[in-house]
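Next come the structures, one after another.
Two complexes follow with subunit A in common, the first pairing it with subunit B and the second with subunit C.
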Partner chain A sequence: MTASRQKLARLVAVAVAVAAAALLPLLLSQYRAFTACQVLVFATALMGLTLITGMLGQPSLMHAELMGFGGFMTGAMVANMGINFWLAVLLAVVAGYLVGSVVGLPALRIRGLALAVVTLAIARVFDALVFPLRWLSGGVGGRSVERPTIPGLNLGSDRVYYEVLLVAFLVVLAVVLSVKRGRIGRVFGAIRETDWGSASSGVPLTRYKLLGFSLSAAIAALAGALGAGLDGSVTTQTYPWTKSVTLLAILTVMGSSSVWSPLFAAIFVVLSPAGLEHLPPLPQLFSKEQIVQFVPLISGVSLVLVMIFTPQGLVPTIGARLRKLTSRNRSRDDVPGTPGGPASPMEPGEAVGTPTHERVGGRA
Partner chain B sequence: MHADLILPLTIVGIVTGSMYALGAMGIVVIYKTTRVLNFAHGAIGMISAFLAYQLGYLWSMNVGIAALSAIAFSALLGFSIERFTIRPLEGKAPLIKVVVTLGWLLIITSFAGIKWGASAYHVPIKLVPEGTVGLPGVHISYADLATLAVAGVLTAALATFFRLTRLGVAMRAVADDVSSARILGIRVDRVNSTAWILGSVLAAITGILLSPKVALDTYSLTLLVIFSFAAALYGGLVSLPKAFAAAMVLGVVQSVSSGFLHLAGLADLIALAVIIFALVQPGSALMRAVAKEGA
Partner chain C sequence: MAILDVSDVSVTFGGLQALKDVRCHVNAGELVGLIGPNGAGKTTLFNVISGFLTPDRGSVKFLDQELMGMAPEQRAVLGIGRTFQALRVFGSLTVEENLLVPHDVRQPTTTAGSILRSPLALLEERRAVEHVNAIMHLLDLSSLREWRAGDLPLGLRRRVELGRALASRPRLLLLDEAASGMDNKETEALAADLTRVRDMLGVTILLIEHDVSLVMAICDYLYVLNFGQIMAEGRPAQVRSDPRVIEAYLGVEAEETGVPAQA
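Coming up: the complex of A and B.
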């Protein structure tokens, strides 16, 4: 196959995938459409988390708080200033970007596990100091956020609102992909491997680290803002502090270096509570409130297991296996003389598997 | 605010600081030996307090036996965490092991939530009889005095242990250079196990002592760890006396400032400031430690 035909084939595949995703709500009931919307909200937010955890190699324990911040900002601006929902979302994203620049400041001097403690402390400050502010959260009851409108579209239907969320998700996906594959992504990779090394070869560390944190926070705020529109409200209970740990855990389980992990992680986070509720014998033995707790429990157990057995995460591991399998079949078809012979050392599957065995979230 | 409030608030702050100091001890013991920052520390203390509550309150066992059983359980838990989930990662990046402790944080917290209810309030067991001692402007309960005494004694005892005993020196040797320690005949695995058992027992003692003071639910004790992290970080995660002093200062600053400014979350903001200061101050012990291991 020539390069241009390969490119065309890839383009067609992407178009088919996007069309399938866009048409998905037609197959779903009203209830399932709401679930699909939730998946998109969390997938978008987790995209932001891959930026700092996967690409910059900094574990963040405050991502759910940043989502909550986006939701509260949107609700507060609509309620206090009477502005349009979409303008409020835009301003919330800008605010998220600025907050990201501020909370990213410690990262200029601190990295690794010490930075994880800092993000945990920042999360506490959000929970204990920022969210209780009356202007922001409207008090203990939280904020109600009315579903936004677009003339001519019935956004009140979850099936239609889904399309809005899909557009947001695809835009964020495109941004993250272009960051990852472009110049910034290569710089991020250099910083992840050795930040003093990259600084000494002329990388402006400050600018790139802050950019990573700001983008990540802006994406989380966007997801939180659109999620508030989806749920119709945002309260301090929407994003309890364990959510941040769960999000980081499940993204790491899936493998934070892959751009596909956020989607799988979001599917797990959103679908597993409902799935567990119907999984015998759980409903007979436990109350609903207890079953919700099984999600962090399972995340924790799988996190420990994944760290021991395949630290780069499930998606890259399984992806490498699959690629190995298909390329082996292909070589069997192409070259009859070597049936299932040893895979060449330059195979893509190998390249993912070997040198990365010490990575958490893509960081050695 | 009246100036005569400063003294009582300082005393309250010292008591609070001793709680943080207790929590910081276990974090330092584990990090000092194994170079693993244990995010599950608060959770281990929390579940031990719950176990003591289960035995001592729900099953009306003797309070002392309940507390001892809970401490024995925490030792077993700490041993298992190290033996089965940290030891297999030997030679891998420190961050991987830290992520494993995050996994345990989730496991323990959600298990306790399923078993005992995440937000419900529970009646903690009390090891220390009720009653107060009158000090100028403030009454201190026996329980608070006990916390202060235990924190002080443990700090001194542990610092001595690391300096003077064979095992303590072996622990520091393992922390400095694992392979050299092994060549010198130190059983590294056993030393690591001991550190985790010791650290978890300290977490349990902290949890059980503090549960009457902090609400016994699955979150409060688990989250208290952030203040202990702040103190431990100030001591570069290795110095027990520095961590103790930092915990006291943190407690006093939080307490006195709350007299000047009524702001929810002020304590957390101060803790964040202490953490960041501990990390970025020039020549901070932690910066050196982190630079050494490249974490």
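Coming up: the complex of A and C.
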């Protein structure tokens, strides 16, 4: 397959995937459309989280709080300053960027588990000190945020608001992909591996680590802001610190090195609480209530198992398997340029951390 | 002319005097060796020069500029490259990406410019790739460009780290145990590489090395460090015949290597 044809095939595949995503709400009930919107909100936020965990290799247990910050900022600016929702979203993103460079400061001194604990502490600080601020959250009841408007579009319908969220998600996806594949992503990868090796190569660790946290927080704030518009409100209960833990845990299970993991992780984050209630009960053994009680235990054990058997996470591992399969098929069939075929860039599992692992493994 | 001038550097770790009033200098274009028994303070001195360790006192001048108080990355940008005894390659990056990183942090494009793939950013990237290609060619790494650095055997990883250090266009290169973990053939190739790097790229090299025959063969000048102090210095031939050096360091080496293996 020539390079230009491959490029064309990729372009077509991307266009088809985007069109399919854009048309999805037509197939969904109003209730499901709302769920799809929630998935996009969390997928966007998790996209920001991969910048830190996947690329910089640093944990963050405060991302739900950063979403909440974006939501509260938007609501507060609309209510207190009377500005337009979209302008408020933009300002919330800027505020998120600035907050990111503050909450990222601990990462300059510590990494790994110690950093995880500190970011968790920061999340608690947000819950206890920042969110109760009357200016920000409007007090205990939280803030109601009116669904924004665009002339000519009925954003009041979740099916239409979905398209706004999809655009935001795709823009964030494009930014994250560009970061990952460009020089900034390489520098992030260097920092993930070794501080000393990076510094000796001239990497200003402070600047790049804070850049990662700032970008990540800005993206989370964007997701939170649009999420507030979706929900119609933000309260101190919307983003408890436990949500931050869930986000990191599920993203890790999916594999934080892949830019496709956020989407799968978001589906899981949004659907699992509701989905577990639909679990078929095992009447002879346990009642439904008992099963629900066991859910944390089951999740914990599965987390450990996934980490033992696929330390890279599910998405990169499955993606690599699929790619191996399709590349074998491709060499056998040799049907080049089929749109949406094996060369599809939407194929999950493109790892940030191990860009050529499979290739090397295959050759060795 | 001295490119590097270390004067009166002292370092203590707790009660241990790791370096005591160390003075040494390296002239531009020279290949200088730093030898001495384990624990003599060689790597500590490297850490002081490259900025990873602040000495209790003393000064380090590079091209007549005082380095004290400067962060490691600033010194790297000034032109001090280094490798590590315990390798610090970017394991999950490819060989090519490893060598591109020093370029990446020197590009003048803004963050936004590089995310939006501005024409300038793309031009810079092409130039960086050209330079990196030249270095990979020089070090015979071209065929490994796409390999994950972490998957390579030790000798090749050392070579990648050398390449990464060279990619930042250093004036002075600090090589910590460049040949350790290499077999005879690899060591010979390394010796050829180092002289080539010095002659072709005009890089001054300060080298920590245990392989005495390698050091004697390629170095212009030697410093011998023992218990944190410079105990001898001079041309390789001078140092080799210095009785104190033989007693403290070379003698041991000679015994170790002089006895043929019975097995």
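Here, the second predicted complex is superposed on the first by the 310 of 364 C-alpha atoms of A that agree within 3 Å, B and C clash if a C-alpha of one lies under 4 Å from a C-alpha of the other, contacts with A are read in each partner's own complex, and residues count from 1 in each chain.
Basically, contacts are C-beta pairs under 8 Å (C-beta built on N, C-alpha and C of every residue); 3 or more make two chains touch, one makes a residue touch a chain.
The model shown is predicted, which means the values in this text are computed figures rather than measured ones.
Undergrad: So in the superposed three-chain picture, is A:P132 touching just subunit B, just subunit C, both, or none of them (first/second/both/neither)?
TA: After superposing on A, A:P132 lies in contact with subunit B but is clear of subunit C.
Undergrad: In the superposed arrangement, does A:T246 touch subunit B (first), subunit C (second), both or neither?
TA: After superposing on A, A:T246 lies in contact with subunit B but is clear of subunit C.
Undergrad: Would you check which partner chain A:V203 touches, where first means subunit B only, second means subunit C only, and both and neither mean what they say?
TA: second
Undergrad: What is the contact status of A:V187 with respect to subunit B (first) and subunit C (second): first, second, both, or neither?
TA: Once the two structures are laid over each other on A, A:V187 reaches subunit C alone.
Undergrad: Quick check for you: in the superposed arrangement, does A:A79 touch first (subunit B), second (subunit C), both or neither?
TA: It touches nothing on subunit B or subunit C.
Undergrad: Would you sort A:L271 into first (subunit B), second (subunit C), both or neither based on which partner it touches?
TA: So A:L271 meets neither subunit B nor subunit C here.
Undergrad: Once the shared chain is lined up, is A:L90 touching subunit B (first), subunit C (second), both, or neither of them?
TA: neither
Undergrad: On the superposed three-chain arrangement, identify whether subunit B or subunit C touches more subunit A residues.
TA: Looking at subunit A, the partner in contact with more of its residues is B.
Undergrad: Using the superposition on chain A described above, determine whether A:L98 touches subunit B (first), subunit C (second), both, or neither.
TA: After superposing on A, A:L98 lies clear of both subunit B and subunit C.
Undergrad: So which bits of subunit A does subunit B touch that subunit C touches too?
TA: Shared contact residues on subunit A: 359-360, 364.
Undergrad: In the complex, go through subunit C and note every residue touching subunit A.
TA: Residue positions touching the partner: 50-52, 71-73, 76-77, 81-82, 84, 88-94, 97-98, 100-107, 111, 114-117, 121, 125, 146-148, 151, 161, 164-165, 167-168.
Undergrad: Touching subunit A in the complex: which residues of subunit B?
TA: Going by the criterion above, the answer is residues 37, 39, 85, 88-89, 92-100, 102-111, 113-114, 117-118, 219, 223, 226, 229-230, 233, 263-269, 271-272, 275-276, 279-280, 286-287, 290, 295.
Undergrad: What part of subunit A is in contact with subunit C in the complex they form?
TA: Residue positions touching the partner: 175, 178-179, 182-184, 186-187, 189-190, 192-194, 196-205, 208, 211, 353-357, 359-360, 364.
Undergrad: Would you tell me which residues of subunit A are touching subunit B in their complex?
TA: 59, 106, 109-114, 116-118, 120-122, 124-125, 127-130, 132, 241-242, 245-246, 248-249, 252, 286, 289-290, 293-297, 299-301, 303-304, 307-308, 311, 358-361, 363-364
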